[in-house]
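As structure tokens, here come the structures.
Next, two complexes with chain A in common: one pairs it with chain B, the other with chain C.
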Partner chain A sequence: MWRDLGLVVLPLLAVLAVLPAVYDNGALLLNFVVFLVLAQGLNLTYGFSGYLPFGYVGFFGAGAYGFAMSVTLAGAPPLLGVLAGGGASLLVGLLLTPLLRLQGAYFGLASLAAAEALLHLIGNPNLQPVTGGPYGVKLQAGYAPLLTYALALAILALTMLLVAWLRHARFGLRLLAARDDALAAAMAGIDIVRGRLVIWLASALAAGLIGAVFAWRTATFFPDAVFDLNFSIFAIVFTLFGGAGTLAGPVFGVLLLYGLYNAIGLSAPQYFQLAYGVLIMLLALFFPEGLAGIARRIADG
Partner chain B sequence: MLAYALATGIVFGLYFALVGIGMNLVFGVMRIVNLAHGDFIMLGAFSAFWLLAVLHLPPPAAIVLGFVAFFLAGLPVYYALVPRLARAREPEMLSLILFFGLSQTIEALAAMLFGNSERSIPGRLLGRGPVHLLGQTMPRAWVYAAAVSLAMLGLVWLYLHRTRLGRQTRAIMAARQEAVAIGIDIHRISAIAFGIGAGLAAVAGVFAPFMLGSFTPALGIPLDLTSFAVIVIGALGNPLGTVLGGVIFGVTLMLMRAYLSSFADLLPDLVLILVLLVRPAGLLGRQVRRA
Partner chain C sequence: MAEGLLELRGVAKRFGGFQALAGVDLAVAAGEIVGLIGPNGSGKTTLINIASGVLAADAGDIRLAGRSLLHLPAHRRAALGLNRTFQVPRPFPTLTVRQNLEVAVPGAAAGRDPAALLDAVELAPFAGRRAGELTSVQQKLLDLARALATGPRVLLVDELATGLTPAELARVATRLRALAAEGLGLIVVEHLMAFIDRITDRVVVMNAGQVLFRGTLREAAKDRQVVDVFLGAPEPAA
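Here is the complex of A and B:
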């Protein structure tokens, strides 16, 4: 646990905290943090309970809209709005807990359907007075680049601490046992339902909070932008590439792949979709445990 | 209005059964959710665009060409991807991820080759003038699509129940281990089933421009959700349950469009979630699949 903190969490946070002083593209830095949080959040649920939510972006969008609606409709101060965003994603997570009864593909597709349903609901023209409908939201929460970046780093720190703790605590080991063999774990007296529920809600909360910060920073967005399936896809690719269930894996995934994504340029999204599609297939076929699995193989000789 | 919604619901329902049946056949035989199924349909729609609107082939020729071409293309895809998966530690989860990757790859290639702009095909290519059916008047293209869907569903039934290959296919669906034990060549039968699934997707794709309106390379994922909803309502792994699922889905969709039109987009998603939660084995299913 302390080794994880010293070797991964602290160096990463230190570098990210210093970067704005030497690199002036603040929006890009924030996006990096957003994807680090999303990858670690997905890592929580996929790495520790085996549930792969294709609709993970639903929590991100719920957080963004929780923020937007609490600020525009209730006149909440932005900091409270971020908490409201987290609350909104927790609420969605609670509503979706019955999905945890499903397994594998059923869960993945049901969560995707739930995210799409949420997008259709929020983007519905009939709800324009409440959500802004298909015309999106325009926020006047105030532009606060440093504060939003600091908040994002704090959310990242909390999420990574949780992952680091789970990797060593009894609670996390129980979850891993339940992931690998639910029946045997249940026979050994592990409360599977409670464990999965807790991790599911924590994962939802992480995405919701960072979604709220993203909404604050972006200020003007359409429903399609914050419910964009690419958020899910990126988080899945980064996590799988690095190695689900590890702490450093998803970090490497984001830094390498999202770094590459930005280095080559955003002009033609198809090329990245192609590269990521092929990458997903190669990972599934040859390296199901990602970079972490390759590292382990080398270490074992 | 009610009668019209019911009649068009049945017509569209037959078509939705065709949309879903290829995915269901693949699931029944391989226990794989083929997330590239929607993209096969999307590619079918593009072939219809080239064959019907550009080359002006007669529709039956386009249907046969589409089926044969996609069937043949499906065989190498099967041998390249599936046998390797079967040896993995968590085949079900990995197959979902793998075919998701395939879906993204196909969508990206289609966007690079054909562009992202919306395309459509004029309905008159399937014949002019309205048709009277079930006491209602509707476009000829819809009835054409429903009739072809019904014929394809019938052919699937004949294949599964009246041919040697089909009986072996059903044996694998019912009891995989025993099928291996009595000497059935699992990979050969599965590859053919995968090819048939792709061919059926192509036929569904040929009619997609007429039934679903204009199309883009991004059609795949929404069609995956629709297909999955349709086959989950019927019964996963039971290709004929798909017909029931398609008709229920079609009628519900048309009723929603008639009475609650702005929320009709929500329907596939909500139906999928509700059926999975309330009756996870589908209306005709026996197995239960709970975590």
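Here is the complex of A and C:
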């Protein structure tokens, strides 16, 4: 645990904390942190309970709208709005708990359908007075680049701490056992339903909180922007590529693949979406443990 | 029937149109080993699945020390002290052998020390290996050790002996008898009659989802119906 913190969490946070001083594209830096959080959040549910939610972006969007609506409708101060965003994603997570009865692709597809349904609910023209409907959101929460970036880093720190803790705590080990064999885990006395629920809600919360911060920073957005399926696809490919269930894997996944995307992909994003879709399939088929698995195989000789 | 620590009463189970269990009574007392025998497909594993909460019964009751387990999920039954091994072993393949025991939640009779358990089933040298790399016999022994790690009061053992060498068999028999001497109740499903003979006080013979015979293995071997049912199967070594 301390090794994980010293070797991965602290160095990463330190670098991210000083980068704004030497690099002036603050929006891009924030996007990196957003994807680091989404990748680690997805890592929680996929890495520790085996559920791969294609609709993971639904929590992100719920967080963004939880923030926007609490600020615009209730006049909440933005910091409280971030908590409201987290609350909204927890609520969506709770509503979706029946999905945890599904397995594999059925679960993935059902979560995708749920995210789409939420997008269409929020984007419904009849709900314009409440959600802004298809015309989106214009916030006057105040442009606070430093504060939003610092908040995003704090959310990243918390998410990674949770991953690091799970990798060493008995609770995490029990989740992995249930992921390996649910029936045998039940006979080992493990309350699988509770374990999966806890990890599912933690994963939802991470995405919701970062979605709220993203909304604060972006201020003006359409519903499709925060329910963009690419958030899910990118988070999945970064996590799978680096190695689900590890702490450093998803970090490498984001730095390499999102870095690559920004370096050469922005001019032709459609090719990247295609390439990343194919990459997900190849990883799932041939390298289910990602970079981390390859590293382990090399280490094992 | 003796006053049981675990009592199954009138357990019935149907798979589609097929009646796998048709009202089975079975009990085991503390410190007792009951052999559960019968031809393939007679419903022994199904009975264990129902007792342990892997399957739901259509009818009947399951009581542990007088308390009905019928509506409790498997992990609650494990916590109350009922555990089982699997006919086809089910280790956690990506966990190490030691972790396979460490994840077990200590229940009623307080968990047992993983290191001592690994030693007892002679898996200590493999403690750091991934359980998926073990042979299937080793996985069976790991299954047994994991079940014991939950500290059960009653243990249901499903065909543990198959594939073991005579030396391993002798050690497992000694181990199971030692557990009974500590007060555990055991129900042991087994095809190897010599093994059943060595460890059990009495046997229950099942056929086609029903109990055919209760008594000692010696008496069973002389029972006309039992002999008929086992024709073509290994002869009971009485």
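Throughout what follows, the second predicted complex is superposed on the first by the 300 of 301 C-alpha atoms of A that agree within 3 Å, B and C clash if a C-alpha of one lies under 4 Å from a C-alpha of the other, contacts with A are read in each partner's own complex, and residues count from 1 in each chain.
Here, a residue touches a chain if its C-beta (ideal position, glycine included) is under 8 Å from a C-beta of that chain, and two chains touch if they have at least 3 such contacts.
Because the structure is predicted, anything quoted here is derived from the model rather than measured.
Asks: Between chain C and chain B, which one touches more residues of chain A when both complexes sit on the common chain A?
Replies: B
Asks: Tell me which partner A:Leu176 touches in the superposition: chain B (first), chain C (second), both or neither.
Replies: In the superposed model, A:Leu176 contacts chain C only, not chain B.
Asks: What is the contact status of A:Ala185 with respect to chain B (first) and chain C (second): first, second, both, or neither?
Replies: A:Ala185 contacts chain C only, not chain B.
Asks: Contacts for A:Leu274 in the overlay, against chain B (first) and chain C (second): which applies, first, second, both or neither?
Replies: It touches chain B, and chain C stays clear.
Asks: With both complexes overlaid on chain A, does A:Leu158 touch chain B (first), chain C (second), both or neither?
Replies: Neither: A:Leu158 stays clear of chain B and chain C.
Asks: Just checking: does A:Leu109 make contact with chain B only, chain C only, both, or neither of them? Give me first, second, both or neither.
Replies: first
Asks: State whether A:Leu5 touches chain B only (first), chain C only (second), both chains, or neither.
Replies: A:Leu5 contacts neither chain B nor chain C.
Asks: Take the contacts of chain A with chain B and those with chain C, and give the residues found in both.
Replies: No residue sits in both footprints.
Asks: Could you please specify the touching residues of chain B with respect to chain A in the complex?
Replies: These residues of chain B touch chain A: 33, 81, 84-85, 88-90, 92-98, 100-109, 111-112, 221-222, 224-225, 228-229, 262-263, 265-266, 268-270, 272-273, 276-277, 280, 289-291.
Asks: Which stretch or stretches of chain A touch chain B in the complex?
Replies: 50, 52, 54, 98-110, 112-114, 116-117, 120-121, 124-126, 182, 229, 233, 236, 240, 270-274, 276-281, 283-285, 288
Asks: For a test of understanding, state which residues of chain C touch chain A in their complex under the given definition.
Replies: 52-54, 73-75, 78-79, 83-84, 86, 90-95, 99-100, 102-107, 146-147, 149-150
Asks: Write out the stretch or stretches of chain A touching chain C in their complex.
Replies: Answer in residue numbers: 170, 173-174, 176-177, 180-181, 183-193.
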